[in-house]
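Pasting the structures here.
In what comes next, chain A is part of two complexes: it sits with chain B in the first one and with chain C in the second one.
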Partner chain A sequence: MNLYDYLIAPFAEFEFMRYALASVLFLAFSGAPVGVFLTMRRMSLVGDALGHAVLPGAAVGYMIGGLSLPAMSLGGFIAGMLMALLAGLVSRFTTLKEDANFAAFYLTCLAIGVILVSTNGSNIDLLHLLFGSVLAVDLPALRLVAASASVTVLTLAVIYRPLVLESIDPLFLKAVNGKGGLWHLLFLVLVVMNLVAGFQALGTLMSVGLMMLPAITARLWVKNLGGLMLLAVCFALLCGTAGLLFSYYVEIPSGPAIILFCGGLYLFSVIFGWESGVVLRWLRRGKHHQYQEPV
Partner chain B sequence: MNIEVANLTVSYQRKPAVHHLNICFEQGEMWAVFGPNGAGKSTLLKAVMRLLQADTGSINWNGIARSDIAYLPQQSDIDRSLPMTVFELAALGLWYEIGFFGRVNAKQKERVRAALARVEMLDYAEQQIGHLSNGQFQRVLFARMLVQNAKFLLLDEPFNAVDAGTTYALLEVLRQCHQSGQAVIAVLHDYEQVRAYFPNTVLIAREKVAAGKTEAVLTDEYLQQAAAAMHRVESPQWCAA
Partner chain C sequence: MNKYWMSGLGLMLFSGAVAAAPLQVVSSFSILGDVVKQVGGDRVAVTNLVGANQDSHAYNMTAADVKKIRAAKLVLVNGLGLEKAEMMRAVKQSKVPYAEATAGIKALAAPEGGGYDHGHDHDHDHGEYDPHVWTDPVLMQKYASNVAVALIKADPANKDYYLQRLQAYSGELVKLDSYARSQFNTIPQAKRKVLTGHDSFAYMGKRYAVRFVSPQGVSSEAEPSAKQVAAIIRQVKQEGIRAIFAENIKDTRMVDKIAQETGSKIGGKLYSDALSSGAPANTYINMYRYNVRVLTDAMK
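Our next item is the complex of A and B:
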């Protein structure tokens, strides 16, 4: 057995592995930058909340259209957007903060989702929705993921500057163009879209993992924004591929395997991360720059 | 060209913070907005920027556009742990010129550097904003405002939590702006700073108490009136009409 047999052969041999790999790659390219923005806007857990909100929508889609991907995706997308908008609206008109409302809404949504799925389907379906199965990705699912990834990357490119500005200094953006809410809303659309794109492969609970973990991990290695996005995408690609292979060899569900690799890389980075890992901080403690005489 | 505040009332949860206020800021003038705590000074500035909804009255930007006004909010919400350099932050002042996609050309870069030099922060241009002290950070925000090249500069308590050295350096920058024809409107609470640097003052206590030449406005009589007005507005009979 050489390296080729271990790393390439599974993909060369099996079509479902190729589809799985392609979908994970697409998700990595679009999800990781979205994750970087989520962490930058201190919305790390909002992604999680939205992921839960997708569930009842997908369940309603399942009830209406059966096990059809377009119906479930559309349902999930509508439910996610609805929750994001409602949480935003409630925090505008009450004194509750947005994160409190997100918590209230997503817990409610999760309950509704579980009830819907458990009364209308078998438990296998519930597990499938919650945890996905990357190995069941077929061509239509792959097309959907690819379309979502393309739209995400293009939209991010267009709204990049106002979005960065709104993350860093929202009041300034408001003062200069008077419409900060629009970028926030567009961004939420992207978040929900990526969660929906990911749920077929990774499940509603795990789909947010491939988005957030690489982004959070990247923060431990670099500090400039471009570097963060590039590194987050690389991490997501790496963990996605490694997780797929791992699940292939040990025969465990691929979604959790991928996220487990992301988690492992995160823990490694917490310790060894170049920018703010524990070890480097410890080594640099009490040291400061010294002026060097130019020669 | 002026900013005209006509019969403005702005309230938070039905309590007026600014009440039937009239004032006109002409091009090139230098105004201090002065008054007791809770007098509605910041609210007035936010309303002038049209960041708040008015209950009555209106804000008229006569002959000017949004891009002619640079606004420096109080204790900005900027998350300084985010990745951004001093130069990049100051360059945001070019927003109206570069928009979504525009590149910062050599001339504009030079303008940003010049603005940083005016606030003595050029040496820090490549530093991350997370490494700055409060005073240094406020200097960079001033630089961003200078880069905007606006006709009106609106500043809300710009010297809160800023050391004395920085305060006087920045006051000097404001004086230069005024001398070069820019209008300056600043919310301040330091009596001495207002007297020393600002030719005009509007004294408010939710309502306008007095406006005009600083030495005519900051008198004991008016200041007492302002304090009394703040007591009056807390009573339930106020604005029963």
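Our next item is the complex of A and C:
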């Protein structure tokens, strides 16, 4: 067995592996940069909140359209959007922080969702039906992820500067009349779009995990924003491919395998990360002490 | 409803009237509910906690369900871990007598990890036994008689009625078994291979020598590995498995994907864990006949 057999042959033989790889690719290119902005804005847990917030929308979609995926995902998208916008608006107009509002709204949404599902007399696991798996990506799901990835990358390129300013120094942007709220809302739209498309194609764990973990890990290696995004995309691609291949050779579920690779890389970086890993910080601090001793 | 039941109870207590009010029975899911209906006839009123076209694996307990359990004279559950722990707890706490329909049936061990040959799914949702006993009509004899015993215990006055109905129903089950056997026998054993999304048909497979292959385990929660899916695709291609099925209450995307990749068509829908509310699977026997028919049609 040579390298080709190990790395390329699985994708050449099986269509489902190619589809999985393609979806990981799209998710890496659009999700990881969004994740970088989310971590920068202290919104790392928004993804999980949204995963629960789509339930009432999915339930309403189910009531109207029956067990149809498009109806349920559209409902989920609308519910997620509403929650994100409301949370964003409330944090604009009150002193509450964004994460607090997200927590408040997603818990409320979850409760509404459970009530809708139960009063409907249905014991079908809507979320489980709605959320896909990386091995079962079909062409419509792939198209959905590809479309949302393309829109995300283009929009990020257009709103990059104001968004960076808004994330780092919102007061300055306000002072020069930079329409901070607009960029913020646009960004939230991107987040929801990426996540809901990802949920439907790949499931919560995959889409949130591949969005957040590489972005968080990258922060341990570099400082500047461009480097962060580039590194996050590379990490996501690396872990995605490695996890898929691992799940192909060793019998563990693919989605968790991919995220486990991301988690492993994160732990490694916590210890050895160039920018703020434990070992390097300790070494640097040691030097510091040496400089101070003669004084 | 409640008032009706109270007055019924009153009547039964004071006059010993037999046919005054039907015995209130709660069953945990639709297939068991149908068996209770067949054995109990018009002397019982059955309420299912998990109804037709609903998934026992995704059951959420409600206060109304607890109320139903407490109002009943008898609760019937499948056992072998089909019912969620919270449901069993509510039943035990209610002090209403309950019985397990699978009591005394020799259960198969739950296949671990996707039902392919080996796996590390660690899917402990169902515990160690496979609860899908109803996919074997022969075992259903014992299942139905367990139901009858429980009914008689709760309502001894109607013993003869229940016994008579049980006998009739057993006859139907025997017919069902011979129907299934004759249908499967028209197909050479080498061709009796089926791909389903979840592993719910082990008992049927054992009884009629049908080999069921499935990427996802017994529970809807488990996720397959790429290795399993690849192995199943190879197997489907090599052995020429033509019968590929989705189930009525499950996510079908995985099966769709495998069918697409192997160039085969989905043969139809199987009813695995729940009846349908109308035709073609509104009773257990209809459901079984329907499943056997579509399975054998696809294997031919």
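By definition in this document, the second predicted complex is superposed on the first by the 232 of 295 C-alpha atoms of A that agree within 3 Å, B and C clash if a C-alpha of one lies under 4 Å from a C-alpha of the other, contacts with A are read in each partner's own complex, and residues count from 1 in each chain.
As a working rule, a contact is a pair of C-beta atoms (placed from the backbone, for glycine too) under 8 Å apart; a residue touches a chain by one contact, two chains touch by 3 or more.
Note that this is a predicted model, so its numbers are computed, not measured.
Of the two partner chains, neither chain B nor chain C is touched by A:R92.
Shared-chain residue A:R281: touches no atom of chain B or chain C.
Contact with chain B, but none with chain C, is seen for A:M40 once the two complexes are overlaid on the shared chain.
Of the two partner chains, chain C is the only one that A:L135 touches; chain B does not reach it. Set against each other, chain B and chain C differ in how many residues of chain A they touch, and the higher count belongs to C. Within the superposed three-chain model, A:R143 lies out of touch with both chain B and chain C [touch as defined at top]. Look at A:V117: by the touch rule set out above, it reaches chain C but stays clear of chain B. Within the complex formed with chain A, the residues of chain C that make contact are 50-51, 53-60, 62, 113, 118-121, 220-230, 233, 249, 251, 253-254, 256-258, 260-261.
Contact residues of chain B toward chain A in the complex are 49-51, 66-67, 71, 73, 76-79, 82-84, 89, 92, 95-96, 99-101, 128, 144. Considering their complex, residues 40, 42, 158-159, 161-162, 165, 167-172, 174-178, 223-225, 228 of chain A touch chain B.
Here chain A touches chain C in the complex through residues 10, 13-17, 19-20, 114, 117-118, 121-125, 128-129, 132-133, 135-138, 244, 247-257, going by the rule given at the top.
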